[in-house]
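Each of the next two complexes has chain A plus one more chain, namely chain B in the first and chain C in the second.
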Partner chain A sequence: MNRDAEAALLVGISVVAALGVALVNLAQGGNVDAQVALTFIVFLAALGGVHVSVRRWAPDASPFLLPLAGVLTTIGFVEVYRIDAQLGGLQRWWLLIASGLAVGLLALLRGPGVSVFRRYRYLLLVTAVLLLLMPMLPTAGLPLRGVVAGGSRLWVAFELGPVAIHFQPGEIAKLLLVIFLASYLGERQAVLAHSTRKIGRWSMPEPRHLLPIVIAWLLSFAILVVQRDLGASLLLFATFIAMLYAATGRASYVTSGTGLFFAGALIAAASFDHVQRRVTAWLHPFDDPQGAGYQILQSLFALASGSLSGAGLGVGTPGRIPAASTDFIFSAVGEELGLAGTVAVLATYALLIAVGFGIAIRSREPFRKLLAAGLTFVLGFQAFLIIAGVTRVLPLTGITLPFMSYGGSSLVANFLLLAILLRISHEEHTV
Partner chain B sequence: MNGPIRRLAIALFVGFAVLLVNVTYLQAVAADRYRNDPRNPRVAAALTGKERGLIVTADGTPVAISVANPNDPSRFVRRYPGGSAYAHTVGYSSLLFGDEGLERVYADELRSKGDLTISDVIAALFGRDLRPKSLQLTIDAGLQQASFDALGGQRGAIVALRPTTGEVLAMVSSPGFDPESLLGPEAADVRRRLLDDPDEPLLNRAVGRTYPPGSTFKVVVASAAVETGLAGPDSVFPDPTEVSLPGSTATIRNYDRGPCVDGTQVTLDTAFRRSCNTIFAMLGMELGAATLAETAQSFGFGIALPLELPVQPSAFPTDLDEAALAQSAIGQRDVRATPFEMAAVASTIANGGLLMRPYLVQRVVDADGADVTVTEPELLARVVSPATAAIVAEMMEGVVASGTGTKATVPNVRVAGKTGTAENDNGPPDVWFIAFAPVEAPTIALAVLIEGGGDAGENATGGSVAAPVARQVLEYWLQDRR
Partner chain C sequence: MPALLLTLLKLIFLAFIYLFVWQIARAVHSHLGGGDLKLRSRRTDEVVIVKSSTQAGTTIDPRTPVVLGRSPQADIVLDDPYASEFHFRMVRRPEGIVVNDLGSTNGTYVNGRRIAAPVTLSKGDTIQVGNTVMEVR
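Let's turn to the complex of A and B:
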């Protein structure tokens, strides 16, 4: 597949987005109006903009990444628009901003390439930690303040006069941490992989090399305790472990990491109400159908009501699912597009992950290799976690579905992630 | 590093494979179960305002119809023109409280399946009819209303069967309630009031609760005695004032605490007509627990007789000692029967010993008026021989002609019947009358039960309270109806 095919696909995706809006309007008794044209133009501008900058600054990049991400963005946007047209309108502007930033990042990286990140890795780490801490700002008084939403502290509001922006700094921090880890582990992988200490028959990594994993565990646990964010905590920890494993090939990191995770999970389940509630709702949703089990049951009912072919865009009632446009967007898609839609979404994620890991495997330079693997993992694992949560495979964790959920921070973070992946695949000529 | 990265990729793919299997399970395999879960708000939302099928009686009187909502002509509301008389049998379909009665049992046939979803369209393409189906009942509208009126608001039930086919001609439970009141804006208050009412209007007494059948059970005992050849109508028994129960200080006495006739001796026929407990206690002990239990079972005790509605099983205890046997033989102790079961007993005797499978729904009809299913009469059990049935029928005729059931007499019609006055631990007796007519070619068999003696209270007997009610129903069926 070449760049022209990619361009054709992106035009097709923009048409699908516009037709989706038209369908929703018609199903809800409205007319085909300017929204349809606006959607087409914005999608074409956003995806086309990234496409053109790839042609200019990363011509050897994989042509699969952008169309796959575009498909997910489109399905997500149409469903968000269907649930709340106003929110959909906002999401459209966020898409423009996110792709604009992706274009900007590609432009920045055009000279030095992604290795520029290695020079600033400690700056990135500090920034990431600061971003993670930002929601802990006082909730009032300052223009920049923390926000408590749904019992969690994930949000930051910036208010200056009439301007009010809410964002989730954790989404960006996630990206920065992956970059830092790729750079840190890329240099130390040899040491980490080969220095061992024998304890009886078991060879263990040197204790000082275990330090990062312990720090990661403590950091994740702190997020869980202080910000009450189960999803971000689990996602970060799993990403740490995955990247350590990718860098060293030592299964002991995975086993000890999993052990630490379960220890942490048990402690958390025993001592925090919000974790306990989630677990109970997961195991016994029908015990309290109006309370703890409400969210997950509404999600399951929505999915089941969608059945094979779905109720049809604009014909279902995904509004009955709480947080349908964000965490539960997958269930909303499941209700309106049915099993056909959910399988398409899962397959698209799987393809995106396959392409991402393919870039990692074909890369030769350790940093880029790890970076590509880490970014792909964080994207794929996040999608897995939230879909598993809303379909009751795992307890529910409140995180966004990459590219699909409504939310500016999420969309921006994932488009930046995409830009970095595109750039790596260009630099490594992985096509 | 490629090995570990490959394994990470595989781990994620396994994860997504699990998700794929799981959504397939949720949206294909288990979809129906979740979709139709009453807690799924879509179910109620999808059904409100949708057209439901018509329910009509055997004579075509509509008792449940969907009419256009006056406030929103594109939607429907359910109406029950039959009112309280049908509240338990037809039931209701309420958004707030779910479905009851036949509305519940036939919910799937009665509801419209055209939800305009893509799956519906596909189903329609494959020839499935999505429109609601209608029910024609075996109930006779006039008889149903006459039965409900005859109870006059007293706590009780009447079940009438056509002995030769098993058609349920009437099934009422009293007190009733207006089913439409459970659909209206005050529904929640109405329901709370009905639930708090000590008369339990929501209970379907015809099939939903069992009572000691009292002396109506003597029909079963007499059948067993005649069928086994142990005794006939002319068999002679001693006539004591009381029968002492073996291994117990308790005794069995007659209703008036005297002997059955004159204290010398008495025939079974006379004892049956006068409903003498002493004689039937002795007869029961003579028959033995095994024989009596076997006969009771073949009449339907110990099982729930089949019907479209859920039926509380009637009970005859097994492994009885002599004392318990004697008490059971007069329909006391642990013998329990629904009015529906006792109607089946009367029907069996009326039909020459053959118990037909009772049914309420004559046919299910599709929206074009074509039959979907038609219920054919079906033999459920050969309970006793035609000869035995004829002998017991003759004894029952004697009850109405010159026994405890004279108040059930219908002029110019041969009526057979049996009274029952069942002692109650907590208050006035439950009174019964079971009957069929005309004896030469029965077209109706029925059971009347009035809880706690009805308006007569402590002094009520089956003959004084239940028999006149039965007479009103029989008179309607045999005379007024024509």
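Let's turn to the complex of A and C:
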């Protein structure tokens, strides 16, 4: 597949987005109106803009990434628009902003390439930690303040006169941490992989090399306790373990990491209310169907009533699912497009992740290899966590579904992630 | 809107999405999996003896280093009076099949040229030792 085929697919995807909006309008008794044309133009401009900048600044990049992300964005957007047309309109703006930033990042990286990140890695680390701490700002008084939403402190509001922006700094922090880890581990790869201590039959990493794991564990535990964000905490820790594994190829990091995770999970479930409530709601949702179990039950009912091909866009009742346009977008898609729709979503994620890891495998330079692997892992694991959450495979963790959920921070972070992956595949000629 | 029409439109919408995912999946498959496997089986270059008095048609798979020569101790014993006891060695590497002469009397010829240093071969190249000609396939 070449660039022209990619362009054709992107145009096609924009048509599908417009078709989806038309379908929603018709089903709700409306007409094919300006919304349809507007959707087509915005999708074409956003995806086409990234495409053109890839042609200019990363011509050897993989042609699969953008269409796959486009399919996810389209399905997500149509469902968001269906749930709340106004939110859909905002999502279109976010798509334009996100793709604009992706274009900007590709332009910035055109000269120095992704290795420029290595030079600023401690700056990136400090920025990431600051971003993670931002929601802990006082909730009133300053123009920049923390927001408590749903019992978690994930949001930051910036208010200055008439301008009010809410965003989740954690989404960007996630990207910066992956970049930092890729650069840090890329250099210590050999040391981490080869210094081991034998304990009986098992070879363990040297205790002092385990220190970073312990720090990451404490950090993610702190996020869990202080910000009450189960999803981000788990995502952060899993990413760290996955990148250590990718860097060293040693399963002992995975086993010791998993052990630490379970220890942490047990402690957290036993001692923190909000974690305990999540676990109870997961194991026994019917004990409290109107309270703790409400969200997960509504999600399961939605998926069940969706059946094979769903109620139809605009025909179902996704309004009954709480947070349908963000965390539960997968259930909303399941209700209106059924198993067929959700399988399409899963297949697209699977392909995107396969392409991402393909780029990592074909990359030669350790930093780029680890960066590609880490970014792909973050994307895939986040999708897994929230889909597993809404289908009751795992306790629910409130995070967004990449590319699909409504939300500016999430869309921006994921498009930036995409831009970096595109750039890596260009630099490593992985096609 | 009649329900039937809406159902039809819904199915068309789903069909479109699947069409896209299918298109990309096919391209990814031929790039990552399928194409790669073919590439690998192509890279599993074998060396076939195309001209020899008795050994024509023999295929050699240099997965591990293979020494060819007239000696019975060679990995592949060449039935050729012009071949040395241990004439040349070849091994498959990611970049192709690497051939080096082991100080033979009559030399090893790659594509008609006598080699002095290890040479990397790709598909279609020929190796000649005495009257024996091999081709990379």
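The working rule: the second predicted complex is superposed on the first by the 426 of 431 C-alpha atoms of A that agree within 3 Å, B and C clash if a C-alpha of one lies under 4 Å from a C-alpha of the other, contacts with A are read in each partner's own complex, and residues count from 1 in each chain.
Here, a contact is a pair of C-beta atoms (placed from the backbone, for glycine too) under 8 Å apart; a residue touches a chain by one contact, two chains touch by 3 or more.
Keep in mind that what you see is a predicted model, and the values were worked out from it rather than measured.
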item	value
Which of chain B and chain C A:Ile75 touches, first, second, both or neither	second
Most chain A residues touched (candidates chain B, chain C)	B
Partner chain(s) touched by A:Ala269 [first = chain B, second = chain C, both, neither]	neither
Partner chain(s) touched by A:Thr391 [first = chain B, second = chain C, both, neither]	first
First, second, both or neither for A:Ala354, with chain B first and chain C second	both
Touching partner for A:Pro67 - first (chain B), second (chain C), both, neither	second
Partner chain(s) touched by A:Leu19 [first = chain B, second = chain C, both, neither]	second
Touched partner set for A:Leu300, first chain B, second chain C, both or neither	first
A:Gly312 touches, of chain B and chain C: first, second, both or neither?	both
Residues of chain A contacting chain B in one complex and chain C in the other	309-310, 312, 315, 354
Of all residues in chain B, those that touch chain A in their complex	1-9, 12-13, 15-16, 18-20, 22-24, 26-28, 30-35, 37, 39-42, 45, 116-119, 122
Touching residues on chain C, where the partner in the complex is chain A	1, 6-7, 9-14, 16-18, 20-21, 23-25, 27-28, 31-32
Complex interface listing, chain A residues touching chain B	189, 242, 245-249, 286, 289, 297-298, 300-301, 303-312, 315, 317, 320, 334, 338-339, 342-343, 346, 349-350, 353-354, 357, 360-361, 366, 369-370, 373, 376-377, 380-381, 384, 387-388, 391-393
Residues of chain A touching chain C in the complex	1, 5, 9, 12-13, 16, 19-20, 23, 26-27, 29, 63-64, 67-68, 71, 74-75, 309-310, 312-315, 337, 340-341, 344, 347-348, 351, 354-355, 358, 431
